């Protein structure tokens, strides 16, 4: 249920409505966006929805209320109906840090996996030089086979922290289980939740509770609604620093490309949700030679940012070599993407 | 099999190789592209491949031959290995007509179906005014249900001819069966082969034999290789005026969008084939509000043109109303796409 | 719209309702099934639906009418709402011929393509011996590549006729275009419409008009509703001898199997349609070693029959060798399937 | 790498080869199946594969070795190449408990979620009476929306334990995160890993380490190879009590059925892996009216068992009501499945 207030209504009035709902055992969220306050009211998770004792009528009668809408089937907190303006936030704990969701495109780049100190630092310096705003790199790697490289764990996180020290770039890195989250959160600026874990609800809850920014990747066969419901798990902890990321879906077309970039996802997500929308052209194509064209397309479609795999020596990469750009090719990607962004009235 | 010639080899030398192959009962195609002659040699359709009596060795020994490659599994005539430069051609019988495959983006627009004279002429004038280069409109409609509107048939073709007369725009219209082809070809500048008919081989053969330009749409679950093999049926009649068109594929994501735009198709097709690549954002999204964003993405990804559904009164359309743009929204699409095209060093 | 009549209503009453509808420019179909007459009324194809001048009310007032239902979105003639009992028919022009849709399972077997006389006759004798009731074999072959074997054409049809003469088995063979239909219909007992042509509406119309039995294969990415709408094109010519055939759909799982057998299709189709349901385990798996298991599953799920590829020397087959059974393995399939059929209270 | 031994070689010889490999830092698994010993040797997870110092040659020279095969890309422990006979195991800690993988079909039934004590006990008694061998029921529920019922947690586990006490049926219940595993393992006989968690590698590792039997469900867009790699994570802890479960995959066909039952999975998995294969017709169809037909098909295709949702009052279920059978319909399912199983030379 979403209660929107008149433009001259006050925060106090909105919070009064929230309290009213919470007295009925429900949970309420208060946001100011699009020039008006709004309150979202949702059921409380593990308990069965009880009778709301004519709550609707009491809420409708409160001062300042403009309208009340209820759609039991839909996501609420992630919707534009609740928050009309695109959410913009800093990746760090300071408000003047690198931001996403505003007029500047967010470029995240780096290796698939942290493999060793020199590989990581070399890549970090190169992507910084090329224009990236944040560094990606996996220390915990979800792999299809237990015999594939599984990441360096905490040693990898330490290297990421050193790379941040060296370059000033905030760190985006994956967390795979609630148990590891406190450790990863000590090092990371942004927690990445990977495609395989998009519906790992304990992990989503833990990421929400951490109050860290989250980059949530779409599951390889998740619908866009399911991704927004997954975001809703995080948002339900009043952690609104969530960006969602299209990374290609699994379809029958899987010989010439690894996945199918669902470019429709960009305008659809922008239309129905206020969360910033990222696109990962490395996974969504699986082949470095198509990455730049798809990066351009993503920006032209309206994406708020890109996350790109870069490796100084792709042919030696322990994972995802075929889809990793060399640093000089990434620099060219940034140049091309800037031109498109410029036309879209965005900076890079 | 593809024979490439040295850059100083002559057409006569290339034709000599072609004749040699044809004496062995095979079929040969001769093209000049990328600064050198090349000959493609293929098996001859309905007959079983016979022993090629050491043809390879005889061909390799011919003067001017630079290399011979054979890949039995792949398409040949549609490949960049045979024709390195993008094929550019006129949509009409005069070389100075509207072209595709060059530096100018091709914009085809018009209604899904020709419904009546005034609807068509109004749309034709509007899309011309907005900057379209060609007019689309269906007189024969392939429909899921036999009870849906099936098109006006020849009466529709006559209206299309009148619209061409009025606006000067060449006509792109669908043909559904070899029997109808002579009729449609009398009116159309470009024959459209629809998604449902992408693997209708008698129709592909007939379109090839007609020597008319063809817009070949991807089947809704066809791989890119299958689309190029379908093009190969047309090319095998030495009709190289073929453009291929991504129009969305069928995936599990079919509630928020009608199809999934496979934007990867654009750089992949541009990489492996010389045929111009079109994109149809109307069918690939199914919803007018996403058409412009996907049109921008297509151009940014490198597409050679767009085909867009425009209807003066979408809410009254007999087919595809939900995905049709009003003329003024199409004009805005052209404006936005021009900016992207400009950055891609193309004109509109 | 479907009008059902009271059980004691007469054919005359049903035909009176049909005439009433046809006077309003609509088309009416009259069937007796499930102990009562029913009339289906549909719009008339290429014309726009006009006002039906209070037809509903006039129909409801006719004597004998039990109920009237209208669902504008759905197929009508193929529905169980119109024809409650499974349609059973003879594959030949004599009513005592091989039948489908009754208590006996229909087993169709034979080579993918007719390759030569001895291959065909050898296979025909072997499948007859093993228990098949009809012979399949393609003379016109829809192929992905124009360079693959395209079939023997009329010469292949003549061999099929000879095989029928020799074995008494009715012939099931594919037709690819309306132009070829009169030729194919002269030789075939059952016209097969292949997966690539499931939505080839001119071909569907021609097959309907021919009044021959039709085996309609599901398109590789067609929904079940779309297949029943395709059947509706044929039924709309009052040709109710149509069987629909699941042959595997295209999904992401395409490395270990060629297609995904949609076994759900069997109970779903049996539930919503009266048309006999066939399953083709050769195409739906793409691998001979899985054919027998899926054949058993199909019968257990309730299929009315199977169509199976059999070749005396699969390793030399010009098409589909990997999925063709040797005759002795087909005999074993028949033995295994008989046991399942027996438990399902069917004979083989 | 798999080393197979001659049929007269001894366990001591096999263990000697295993020790040799482990001295090189690799991990070795020893199994006796199909009348011979075999040793599987795999890389050791998080470390990079080092040079194996001519290990192959030293292994090949050991006494009793029959052959050595290496396929770096494939799963090893789950393969029939390593273990030729189907693995059969008890669901409890006593060898005379309910088994899977032998001549008896395993029937697991029960509600989607444990909702309350009376619902669970009523269902447990009913499915026991109808012939089920084990009871399913979720206490921790992975849900798309955070606002859906999430399960009763430990209270639900206690009810499951009471139901086991009452009926003697072993308990199959889902675990969602490594943190919860010790708790769930205290109550459960079999740990279920759900479709959303199929590639949750920390959970797979934890399930392996627990040495409890595991029912591993296929991810909704996982290939069969990916499922076997997921099983490999569990097996790598020398926990071979794993059954894999087809539960329907996500395809374009999602209006008439919730998922597509990939029935091909049954014979394919049986062919390439020794793990018992289960099928869940409730999720794979999404509609109770198709469950029994698909259950029959699964058994006819060769499945080792079924897991079926049963609810005494489906219309009031907090989850999956549409696909749950009433107890009397489940009893009919058991009756029908028994007939098919009987023909397949299995008991129920």
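All chains are identified by letter, namely A, B, C and D, in their written order; residue positions are counted from 1 within each chain.
What we mean here is this: a contact is a pair of C-beta atoms (placed from the backbone, for glycine too) under 8 Å apart; a residue touches a chain by one contact, two chains touch by 3 or more.
Owing to the predicted nature of the structure, the values given are computational and were not obtained by experimental measurement.
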**Q.** Contacts common to chain A and chain D (chain labels)
**A.** B, C
Q: Report the chain whose mean Cα position is at the greatest distance from that of chain B.
A: D
Q. What whole-Å value do you get for the distance between chain A and chain B if each is reduced to the mean of its CA atoms?
A. 38
(Q) Can you work out the whole-Å distance between the CA centroids of chain B and chain D? (A) 49
Q: Go ahead and note the Å separation of the Cα centroids belonging to chain B and chain C.
A: 33
Q. So which bits of chain C are touching at least two other chains?
A. 221, 250-252
Q | Complex contacts: residues of chain A adjacent to chain B | A | 221, 223-225, 249, 251-253, 255-257, 260-264, 266-268, 271-272, 284-285, 289-290, 293-294, 296-302, 339-340, 342-343
Q: Please give the residue numbers of chain B that touch chain C in the complex, ascending.
A: 42-43, 45-46, 48, 75, 142-147, 149-153, 176-180, 196-197, 199-204, 220-221, 226, 229, 232-233, 236, 250, 318
Q: Would you pull the chain C residues touching chain A in the complex into a rising list?
A: 221, 250-252, 254
